[in-house]
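In the two complexes that follow, chain A is the common piece, with chain B as its partner first and chain C second.
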Partner chain A sequence: MLEIIIRITLICVSLSMLGLIYRVIKGPTTPDRVVALDALGVNLIAIVALVSMLIDSDAFLEVILLLGILAFIGTVSFSKFLEKGAIIERDRNR
Partner chain B sequence: MTLLHWAILSPFLFAILIPFLYKAFRKIHTGWFVLILPVVLFVYFFRFISLTKNGDTVTETVNWMPSFGIQFTAYVDGLGLLFAMLITGIGALVVLYSIYYLDKAKEQLHNFYVYLLMFMGAMLGVVLSDNLITLYMFWEFTSISSFLLIGYWYQKERSRYGALKSMLITVFGGLSMLGGIILLYLMGGTFSIRELVGMSDQLVTDPLFMGALILILLGAFTKSAQFPFHIWLPDAMEAPTPVSAYLHSATMVKAGIYLVARMSPIFATSGVWIWLVGGIGLFTVFWGSFNAVRQKDLKGILAFSTISQLGMIMSLLGIGGAALHYNQLDENIYMAATLAAVFHLINHATFKGSLFMVAGIVDHETGTRDIRKLGGLMSFMPITFTIAIIGAFSMAGLPPFNGFLSKEMFFTGMINVLSLDIFNFETFGALFPVLAWVGSIFTFVYSMILVFKTFTGKYQPEKLEKKPHEAPIGMLISPIILASLVVIFGFFPNILSDRILAPAVEAIVPSLIADGQTVKTEISFWHGFSPELFMTIGVIAFGVILYLTLSKWEKIYRVLPQRLSLNSLYDGGLRGSERGAYSFMNGHMTGFIRTYLVYIFTFFVGISLFSLWYNDAFSLEMDKMAPIGIYEVAVALLLVVSTVMILFAKSRLTSIILLGATGYTVSLFFVVFRAPDLALTQLVIETVSVALFLLCFYHLPKLSRHEERMRFKLGNALIALGVGVTVTLFAISAYSTKLFDSISEYYIKNVYEEAAGKNMVNVILVDFRGFDTLFEICVLAIASLGIFAMIKLRLTRRDEG
Partner chain C sequence: MTEIVNYIIGFFLLAGGFLSLVASFGVLRLPDVYTRNHAASKSATLGIMCILLGTFLYFYIVHGIFNSKVLLAIVFIFVTAPVGGHLIARAAYHSGAKLWDKSVRDDLKDKEKYDRQHS
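Right, the complex of A and B next:
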């Protein structure tokens, strides 16, 4: 029973990812894409979690954590890039 | 190492001392020190005559590379000894001559004598080696030292041209010869000439025999300046005259003759050998003498004359090879040709050496060698004139000089061709005496030109740079000795016959001697009213007529345009090959990476698919495959979509993001296929590399930021498709033909027991196969240091600023 539910959920998440990818490709502005990417990362977390439930393994929990961190860092740096044109600013005092 | 080996190597060892002697004794001409060596060697080799006279030989072996069958085997028989004596004897005379010819103060004598001694040692090595590889080594030493000697006056452009030309041609021949030697080794299993001669019956039936024959002959023909490889010899006349006299008349150009004579017992059983050696030799006689007449330079005449005379010896050796097919006869008339070859070899060395020295004297004392400027020197230099007349008359084949005898024997040999009834000699064989006769007429003409245009006629002091006078006595000694040898051998040829000629002939046709036949070496002046005598009379008669009417028929030389000559063929060939190589390189080396990638991928696809098809290696087995789950399909679809979208992305930013998506999808694959460590690493690395791509994108110059779609190119699409298909096919075939089980069982069993770990991937990385990890760490360290260096190290900008 649980397995069927997981599968249905997986399909739903995949469909939403397809939708997000459409948004990534289509645009129209870069912030749209960045937000879509962020959401993709979150969906990826969901997929990994579901898959690890499906294959009955706890080896992928680190992947979930890592994805969370990376999606956050990626989105922040993209935002900073869009805002200031540079990710790592120069130290003015040097 | 025996004394014989030291004798062969002594010139090399002595050459090391020369620069020190030159530096230490500036007052004394270095040549005097050098002179000692050839004289000693000549005396040393002279003592071998009593040995070889009785048919004995001397063999001394020193191991050089015994595991390859390469020994330094010195072998002295009649033929080798004859050459060794020519080399040392004429070497001594040439060194003596060069002492007076080369100026102590103006010339770089140490260079000259080092090269000359190197050459002498190399030549001794060639003629006294029994091992073919050793022979080849010395052979190339002669090429190199000849190159150095021709280019002795390296400031002159013509010298460099001549040196390069002779180098290219003789080294080409030398390499061909090496090929022939290797083929001989493959056939016979030994590098020893005597052992190969012993198995000549087997060799002739070998399929490689013909290849070896032609390659060896190429070596001999290029070295001995046979048609059409003769073109380097006239250009080698830019060398100092002692060099021309020594290398390009008496010794080096006879290395090819030596090789042919030495190899005759192996190859002369074949008709091709007899036709090639005889025919090309004879054509060279004609061509060389015909072209000698048109030359205006004394040394040019002598160069072409050398070519012609070498052709004569070569053709005689070719015909002499026919003797092997008539060993049932009591009176083997073809042996006479071999005898004539050996005899003329000596004669040519004597008179040509003296003539070159004469040319050198004339050059030295008048400042020119152009026969149009010379004339009437008879009264100024009577001794030189006498020597010239002896040499030239001997060359023309006039009695009572030794050239007459060998020319008569030459005619005898050529007439004997008419009675040859093997190898289709009845077809064109009749050309042999005719060509020989015509060649001899031209020989007569240029010999007369050489003497009479130089020494008689009108004296033209206004054209000469110096006031002519007789040469110093030291310069005259060597040509006088050679000229007196010409006369002595002319009057008493039989002093040579038993001691030197007979052993040499025996060495060339050893199988006939084993049958108990004796070599008839009696040479007589007068053998009745034979056809040879009438041919000689005809030569003289026609020669005189042609000489007197020279100005009338000289025009025929202009019929053949310069463009069609062999020299322009060589020059054009050289230029053409350079230009061809240049345009070939320019044609495909465009400097664009995309072109090279096209080459690489096309060859990859071509070779892989061809070998797949040729070996019929494609296989597809379904039963090994795992069932396909829905997630794999979904993730694969995701991967395909994002990959294909990269191709059609309009902006670079989209491509980068899509690439990131691809990377993440791959990590998803790792999740699905249960590789958590890989998935972790892949995610981090993908993020970092996308960030790096963005960095690159951001720093693109404003101008070239074309926001446009990648253009479609059919060729690229086809190649990409081809590569994809190839790799796919290979992957499928490889998976379908798994031959062994995996070794991973061991890891699964021992990961905890042996290595105290539960994470198998990590245990493999740091324990079972930690060595690879070490070097991957190393790669990362190098990469980071490299990036740091590239960013920080700005040499050019600092220079500008």
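Right, the complex of A and C next:
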């Protein structure tokens, strides 16, 4: 029973990723695309968790934490670039 | 015992999948950047936390593996996803993304004038 539920959830998450990819391609502004990419990273974490349950292995659970950290860093740097035009600012008093 | 645990894990997984579908639907249907950001950063976060909680319970109870990285990932996503949503909404506002034309008030628009009067 649990395997069928895992497969159903995988289908749900994949459909949601398809919708987000549509928004990434079509999105009118850049922040739209960044929002959709952030949500795509979050859904990718879900897919890793579900697949590692399907194949009964705990070897891929590190990937979950890694993807979470990478998605957060990507979003922060993109928003900093959109707001200030530079990701790492230069120190003025030097 | 195992049967009940299976039901609980299944409930968490289905709730997570449903919430992630809801987030995607919101991102497709809502009219401007801010409402889309609202949908994506809330529902997707709760959905992923449900799915990861189901994964943790599965590995803990069915296989007897206590995997603390999944718990750490739940806490990390719970802390960082709203922060990311806030940052990207702020960047969208300052880079001039338009509000929906039916939205009624924009309090941040008068901020410069207010600051000049009250300083």
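By our rule, the second predicted complex is superposed on the first by the 94 of 94 C-alpha atoms of A that agree within 3 Å, B and C clash if a C-alpha of one lies under 4 Å from a C-alpha of the other, contacts with A are read in each partner's own complex, and residues count from 1 in each chain.
The criterion applied here is as follows: a residue touches a chain if its C-beta (ideal position, glycine included) is under 8 Å from a C-beta of that chain, and two chains touch if they have at least 3 such contacts.
Model, not experiment: these values are computed from the prediction.
Asker: Thinking of the overlay built on chain A, is A:V51 touched by chain B (first), by chain C (second), by both, or by neither?
Answerer: first
Asker: Considering only touches as defined above, state whether A:E62 meets chain B (first), chain C (second), both or neither.
Answerer: Once the two structures are laid over each other on A, A:E62 reaches both partners.
Asker: Could you tell me if A:M17 is touching chain B, chain C, both of them or neither one (first, second, both, neither)?
Answerer: both
Asker: Quick one: classify A:T75 as touching chain B (first), chain C (second), both or neither.
Answerer: In the superposition, A:T75 contacts chain C only.
Asker: Give the label of whichever partner, chain B or chain C, reaches more residues of chain A.
Answerer: More residues of chain A are touched by C.
Asker: Just checking: does A:T30 make contact with chain B only, chain C only, both, or neither of them? Give me first, second, both or neither.
Answerer: both
Asker: Who does A:I8 touch here: chain B (first), chain C (second), both, or neither?
Answerer: second
Asker: Based on the A-chain superposition described above, do chain B and chain C contact any of the same residues on chain A, and if so which?
Answerer: 10-11, 17-18, 30, 52, 62
Asker: Under the definition above, what is the set of chain C residues touching chain A in their complex?
Answerer: It comes out as residues 6, 9-10, 13-14, 16-18, 20-21, 23-25, 27-28, 33, 36-37, 40-41, 44-45, 47-48, 51-52, 54-55, 58-59, 63, 65, 67, 69-70, 72-73, 76-77, 80-81, 83-85, 87-92, 94-95, 97.
Asker: Which residues, counting only chain B, touch chain A once they are in their complex?
Answerer: It is residues 630-631, 634, 638, 641-642, 645, 649, 653-654, 657-658, 660-661, 664, 667-668, 671-672, 674, 676, 679-680, 683-684, 687, 690-691, 694-695, 698 of chain B that touch chain A.
Asker: Show which residues of chain A lie in contact with chain B when the two form their complex.
Answerer: 7, 10-11, 14, 17-18, 21, 24-25, 30, 33, 37, 40-41, 44, 47-48, 51-52, 54-55, 57, 59-60, 62-63, 66-67, 70, 73-74, 77, 81, 85-87
Asker: Across the complex, what residues on chain A touch chain C?
Answerer: Listed in rising order, the residues are 1-2, 5-6, 8-13, 15-20, 22-23, 29-32, 34-36, 38-39, 42-43, 45-46, 49-50, 52-53, 56, 58, 61-62, 64-65, 68-69, 71-72, 75-76, 78-80, 82-83.
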